[in-house]
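Here chain A shows up in two complexes: once beside chain B, once beside chain C.
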Partner chain A sequence: MSPTTHQTTTAEVLSVRDLTVEFPDERGRVQAVRGVSWSLREGEVLGVVGESGCGKSATALAVMGLLPPGARMGGSVRFRDRELAGLGDRGMSSVRGRSVAMVFQDPLSSLNPVYSVGFQVAEAVRAHHPGTSRDDAVERAVHLLELVGIPNARDRVGDYPHEFSGGMRQRVVIAIAMANDPDVIIADEPTTALDVTIQAQVLDALRTARAETGAAAVLITHDLGVVAGQADRVVVMYAGKVVESGTADEVFYRPRMPYTLGLLGSLPRLDGRFGARLTPIAGTPPALDRPIPGCAFAPRCPLARERCLTEEPELREVDGHLTACHFAEELVDKRPEDVFVPVVAPVALTAERPVRTEGPLLRATGLVKHYPVRGGGFFRRQVAELHAVCDVSFSLSAGETLGLVGESGSGKSTIAKLLMSLEEPTAGRVELDGAAVRGRKHARDLQIVFQDPMGSLDPRMTAADLVAEPLRINGLAKQDARTRALELLASVGLGRGRSERYPHEFSGGQRQRIGIARALALRPRVLILDEPVSALDVSVQADVINLLEDLQDALGLSYLFIAHDLSVVRHIADRVAVLYLGRVVEVGERDAVFDHPSHPYTQALISAVPLPDPRKERVRERILLSGDVPSPVDPPSGCRFRTRCPRFLGALTDAERSLCVEEVPGLVERGQGHPVACHFGGPR
Partner chain B sequence: MAETTHPVPGGPGAQDSGDPVPVSRARLVVRRFLRHRLATVSLVLFVLLVLLAFVGGALWHYGYDTFTPDNSQPPSAAHPFGTDATGYDLFAQVLRGTQRSIEIALFVAAASGIFGSVWGAAAGLYGGRVDTLMMRVADLVLIFPAIAVAAVLANNVATGGQGWLLIGVVLAALTWPYVARLVRGLVLSLREREFIAAARTFGAGSWRIIFRHILPNAMGTIVVAVTIIVAVAILAETALSFIGFGVRAPDTSLGLLVSQNQSAVSTRPWLFYFPGLFIVVIALCVNFIGDGLRDAFDNTRSRSRT
Partner chain C sequence: MLAYVLRRLLHTIPIILVGSFITFVMVSASGDPLGDLLAKQPPVSPAILAAERHRLRLDLPLLEQYWRWLTGIFRGDWGPSVTRVDIGHEIWPRLLVSVRLVVLAVLLALLLALVVGVISAVRQYSWVDYLFTSAGFLLLSMPAFWLAILLKQQAIDVNEATGSTLFYTVGDASIPPPTGFWPTVSDIAGHIVLPTIVLALTTFAPWSRFVRSSMVEVQQSDYVRLARAKGLPRRTVLVRHALRTALIPLTTVVAMDLAVLFSGAVITETVFQWRGMGSFLLSAVRDKDIYAVMAWLLLVSVIVVLFNLVADLLYAVLDRRIRLG
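Moving on to the complex of A and B:
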């Protein structure tokens, strides 16, 4: 469905003028929002984009009157002709839900775990219509749950939130938001915690909700792709201010603010431009605990000059839309790489070990991992088995990057643990250079970078100690280990005086650099990258990706790149293996898999990834998968994907279906040049 | 120093020049502790109290068991805390009592802290059956009514000059499960943290993981638990002596003094309030020192509450 294109004449439903929000902080007060204005017109979708800490969520909370105690708010929020700012909690109660409804990021914490979902939807109905009878309210709840796509809604109204998956819960939250036919729905990162195929379902439910209620929507997200596909107009926020605002097309195709251009350039894309180097924005957003005299983006902006540091740019119209940059005119016809010169990472390390080998460097054969599921009784007997990884084989050559793609529950992280010997495989073997990897014997050759850079660094150790630790364990003298650690830190761009800081004093991207430096300490040949950039903001993510590419070039490393983000994988990987419920469903050269996917799951996955390109998004055809990933405790027989497979549920004959049910499809080449595990694999 | 406590998100203005000389961890802990003002004051006060009790007691011209010709005197220059009906100098007795109370408390805290930590860490690390067994043993100890058991045990064996040590052992034997449970819980959650997995991937052994990663992260909590035990032990000793099963005359303890003089609250209040004051001051000091230590061990906590 393409976003409706409304004309500028329609009335404003919600408008925000000069909004400011301050939060108390240990060091004084933080100005989270510093004068934001935007307006939402009848029936339109306004996308608010920005990285974490730019004030998008604070704006939403201020509109809803849900700021935490201690926060100070200024400016005006108008709903039609009514001023909402300063209305107080009681006054806001009549607005919330009925006029303006909100969908939060975390569906688990926005539903009350002790009430059934039906009760919670019915409660929302009755909150503004006290006259409604209980039965009528439940009846309406069932109807709403059906609308947002909860299968067997009538049977499930009595179920509790924990009995639903994340995507289903988010749909329940959307149903609650719809309950009182609101005029505005504010969705704050509604799909951030969800897998991409589930995200597509939830965005679809949100669209249904809008169609049903005729509500306008504010869609707050960090994902430019989601905005491109959903929003009519876009507001880009940076450091608590609006820095650019216009129609989706204008902002995406003619950005006139260097920050917007930089964001677009730092985004790996599933379509085109891959292979090219990303252009990250240097530095990190400013701390907002003191006034910023000039343009907040100036310290990171390649166009910045004297004036930017002293004079704050006002939003002004350039080429048909609003931008806050003194030199916006200079951006005409500029591509991100013309403005943001890719920084060459200071890699100074040299490969001191031979990297060339005959045949694959790392080979996994028939990996299986089952976890026991234990009962709750005293003896904790095993009651079932969780099939996390099922007969997975792959190989990795020297200097190559293999992308391991899959959604949550696909077994990617378990595979990483098996390779690192953090878990014992139930069956199968891992070989490095032809020799079986057992225990920690190959610790030096095989290293891992974890997803959560905060969690994987001991909070009680300094950066230098963290990087030196593997060296110390492997017998290097204290002073030598330290020298080498400083060298490693410098090579990942963390030189000069930051070595004695603790993890919490670094930004997310810098922490991940420490993690990478530590993984490199023992001069490994293979680096397992377990979602190394998924916890990072877009501009920072690009920086880390570039660093990984530089390190690979300099050191001849092999990467096993595990990720759920297909765009990132397409950017960095040479070959790709797609996982579903513990099995490889398709594997091949990157472009072969992405351009000619043969497995229906790969096809759905690729089609579900939003592109940061409004025009392409409007005409794209999405394959919406039904339902959730089945439980790995009791996976479907035969082909594990069949319960959600559009082919199985659609075109196949009964005879063909019984093959899917009875026989596990092997990885076989089926006319597309690369192996695919589908009995009926082929182009769409 | 500010740069190690402020979470500076590496932005502009976060640079400093050159690699600083690494400061040893112990040094950092000391520095951070000194920044906690209440804790520093408490530590000084506590040290002064200990000196007063052990050195002052030896120098004071009356012993705790010296009869003086004055009885039931209110505080005066000769007897700063006054004297009791028998003619004992209360100042000398309070100093002696403080010695005993501090000895017992520190012994109990150290013994149950160490034993409890090791027991809890082992249970948490080994997990499974071993864990179940070890924690059931701890639970078994916990269900005994501590004071009653201590009274019976102490009554049967507490004789002679080393009686305080026995009381200490008994109290430690009854308090270690608190530490063990706490440490086990911590180890269970720390064990799952990714940085432990990270340490294993580059070949760190179990001992290194325990001493380098788990204990430093658990230290704050252990220290707080132990300081609470110090306070609990002082109060428990007081209670035991109060009901007559702790330290015996002619030796004395703060608890015994309070108990002996409770009837004098209205007539000769000094006999009751001076030892009572010492108990309160010691317990408070130890708790504040614990607070300071916890913050000192925890570098992720910026200087928030002081």
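Moving on to the complex of A and C:
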């Protein structure tokens, strides 16, 4: 996608004017979209960004006429010269897929499980070309699947969705979107559910789709990095409204709306500014069940004044692009930290245990975990083994944060379970302070915070009870446990007033705070953080990251930070271990690994992470890995990465390749300054 | 597939063996088949009693009784009956009569459940939905015997009012049966109407609720949304994408309910005085006729097991994610 400067002379393909969407709610009606206008020109990519609940998806569904029953829509949607609003379902059927096509977020559920992928692509072709014969439609499906990069498309048209990986399924959905040469493709969070290297592949497929059909695109995402690299123009949404709109460069480099600036400031960066404190936006987006008199962002905005609470700001032009802020001029040359002062969390707890020890605090040696794969017969015989974790060793010192990075299937979460003794390792040992960790003996010292804050909190217990529970289990009297629980809740920023509420009454970030308070209850020395912020919105995520940093400083905690988001890991970790298919491929000091990655996988992983910086994104060279992660049931011999390794598939000689096939590369220092498990590791 | 079917059938053998043994023991313990004979006035001579006891194998240990019953089955010997009829000779025609009723009722119930369930789901929270919902719950809570008696009475009233036999309310066929093929068919069809309605109505109600909820769920699914985003007409999406997937779990429910249907048929058959499996079981229980009860249980359990297998196979055909093995 080549971002170019656009003149207003280019024709509009799709435009939305004063769009409103209302959903019925148990308390009345929710105004999900409150008057949105934007237009899309021929061949351009419009990025729509905003956090969950800002109305991005509702706008897209309204354009497609796919709002759920009960939803009310107002305003106008024009495709070229045709008004789409009020067209009715039959009329919209002829528009959908042919004029405007859509790609949805979750590729695992977007395809019907009972039809082959070929049928589902062919069906899209025949929907608008009823005269096409079944065979011709399948032929076209094969062609489309080849275009989006499905290997052996001809042999695979008859396969069913469950036989494809998530990334491959999203390609199928993109092929469906391309089927009728649409003029507009709307992609709603097309890569959000995918791993970062797969995301790069899917974005590439989307680019192919645009090149092939010449379609303009609306790219809806919460990921500013994805937008920076793909979009010509950007629309920022907040609470059902457009709050800023302009070219990608203007919005990213000269934001004139405090919300946009705040979003950029709360984003951990893979490039520059790491180590610096994130500047989260205080509070949470407003509920939209009643009219908001002034600016919807005012309650969270450090610049807000009287006028902001009473008078709603209109979109107006400031410095060459549109913004909805009364005081936009004040943002000239301001950095996020100039406007958003990071609130220091009120950590009242002190380290009540000796924290400094000689040598590593937590040590894992040669961890192996195999799961039996059983047949369906009468005796459920074991037919194979799933190699989840294979010979993983690492250590963690007191007060240190070790980042464990990897994509799905890399064994991250299995390692967390092994450390917590929630699973028995097949081989290897875990030691805390030199003593083997087994069963519940070390439960006090090792605690865990899970990814899904809602799923890990009992919905029928109050916040105070949730935090007090581990204390009660360990024999603390009821009143003492309660006192301590309130103290812990206060230290994670949940004051007394909220301790008697139930999990559903809290926001996602607050729930994660309860999870952290609970993990801290027993005064552990090591916290295992298993994707603690990946379910959270960016502004909230920054808040939780800051809290974790403060707690570490105050209590001298050690963190094992498990994440797939490299930017977050770069921000928080002291050392980093990169996992691929159950093995550590590279480990070292944070900056050494990120600035001088020596394993081809680490290099590909880092290059795949989109940066929230349009200029850098445009010139970046991405290493696109081929294919999917192999099955851990039958991992490749020798180096597990070789089936996707650009070096193995490229520059290596046959003799060198046979080494990769035959010999497992050990995780040793090979002159790169830190251990790398590659026979031919080195700079790109 | 064939290997799977064979393995599944193999699995059912121990289940039926254990099940039949337990029921055999329980039925034997539930009363003395000679009770009526013993209570007779004037008393029956001990010689006759002993002979009868020997004929009914009551002089043998329980295990041996069971063993002889079990091995007898394979020779076509269903065991001695208290009433001195040949159980094998008696039960097959009755099975045919009952299966006729159950199959027809299931087909009718399925059709009704689909129509009502789909309309309710598509027009969710409309008056049609509320109407079907109320009717469904009314039928759900209505005992089969009550509905059957009510319907029968109505039919008799109609017959009396019109002075001709519009509805047959007694028996599964006329006695003596009419001669010729078409008269026989129409006679059987005439007799089957009322019991089928009773059985279908009581069966379809829960199924329609099931179809409704699974259709509502599927309609909100991402793949139905994608199908609409392709530009497919609403009706195509509804039938091809929504209904097709919503039907899959119904196969299990229907197969499971077949067992219930057989017991439901007992009541319906009794009300309409059919000579089916229902009255067979009732008189067998009344007479404490161990081997007749066992014959009924064996047949019904084999049917249940078979239909469960059929449901699992259908499931795998309908949903390719399910792998048999």
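In this text, the second predicted complex is superposed on the first by the 679 of 684 C-alpha atoms of A that agree within 3 Å, B and C clash if a C-alpha of one lies under 4 Å from a C-alpha of the other, contacts with A are read in each partner's own complex, and residues count from 1 in each chain.
Going forward, a contact is a pair of C-beta atoms (placed from the backbone, for glycine too) under 8 Å apart; a residue touches a chain by one contact, two chains touch by 3 or more.
Since the structure is predicted, the reported quantities are computational estimates derived from the model, not experimental observations.
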Touched partner set for A:96, first chain B, second chain C, both or neither: second
Which of chain B and chain C A:173 touches, first, second, both or neither: second
Which of chain B and chain C A:488 touches, first, second, both or neither: neither
Touching partner for A:104 - first (chain B), second (chain C), both, neither: second
Which superposed partner A:473 touches (first chain B, second chain C, both, neither): first
Which of chain B and chain C A:150 touches, first, second, both or neither: neither
Partner chain(s) touched by A:392 [first = chain B, second = chain C, both, neither]: neither
Touching partner for A:678 - first (chain B), second (chain C), both, neither: neither
In the superposition, chain B vs chain C on chain A residues touched: B
Partner chain(s) touched by A:299 [first = chain B, second = chain C, both, neither]: first
Chain C residues within the chain A interface of the complex: 7, 10-11, 124, 220-234, 241, 244-245, 248, 318-321, 323-325
Interface residues, chain B side, partner chain A - complex: 3-4, 6-12, 15-20, 22-23, 193-195, 197-204, 208, 212-213, 216-217, 299-300, 302, 304
Interfacial residue positions of chain A with respect to chain B in the complex: 26-27, 283-287, 299, 417, 420, 422, 440, 443, 447-448, 450, 452, 455-460, 462, 464, 469-470, 473-474, 482, 486, 496-502, 504-507, 510, 515, 518, 521-522
Touching residues on chain A, where the partner in the complex is chain C: 64, 66, 68-69, 89-90, 93-98, 101-102, 104, 106, 109-114, 123-124, 127-128, 160, 162, 173, 176, 179-180, 375-378
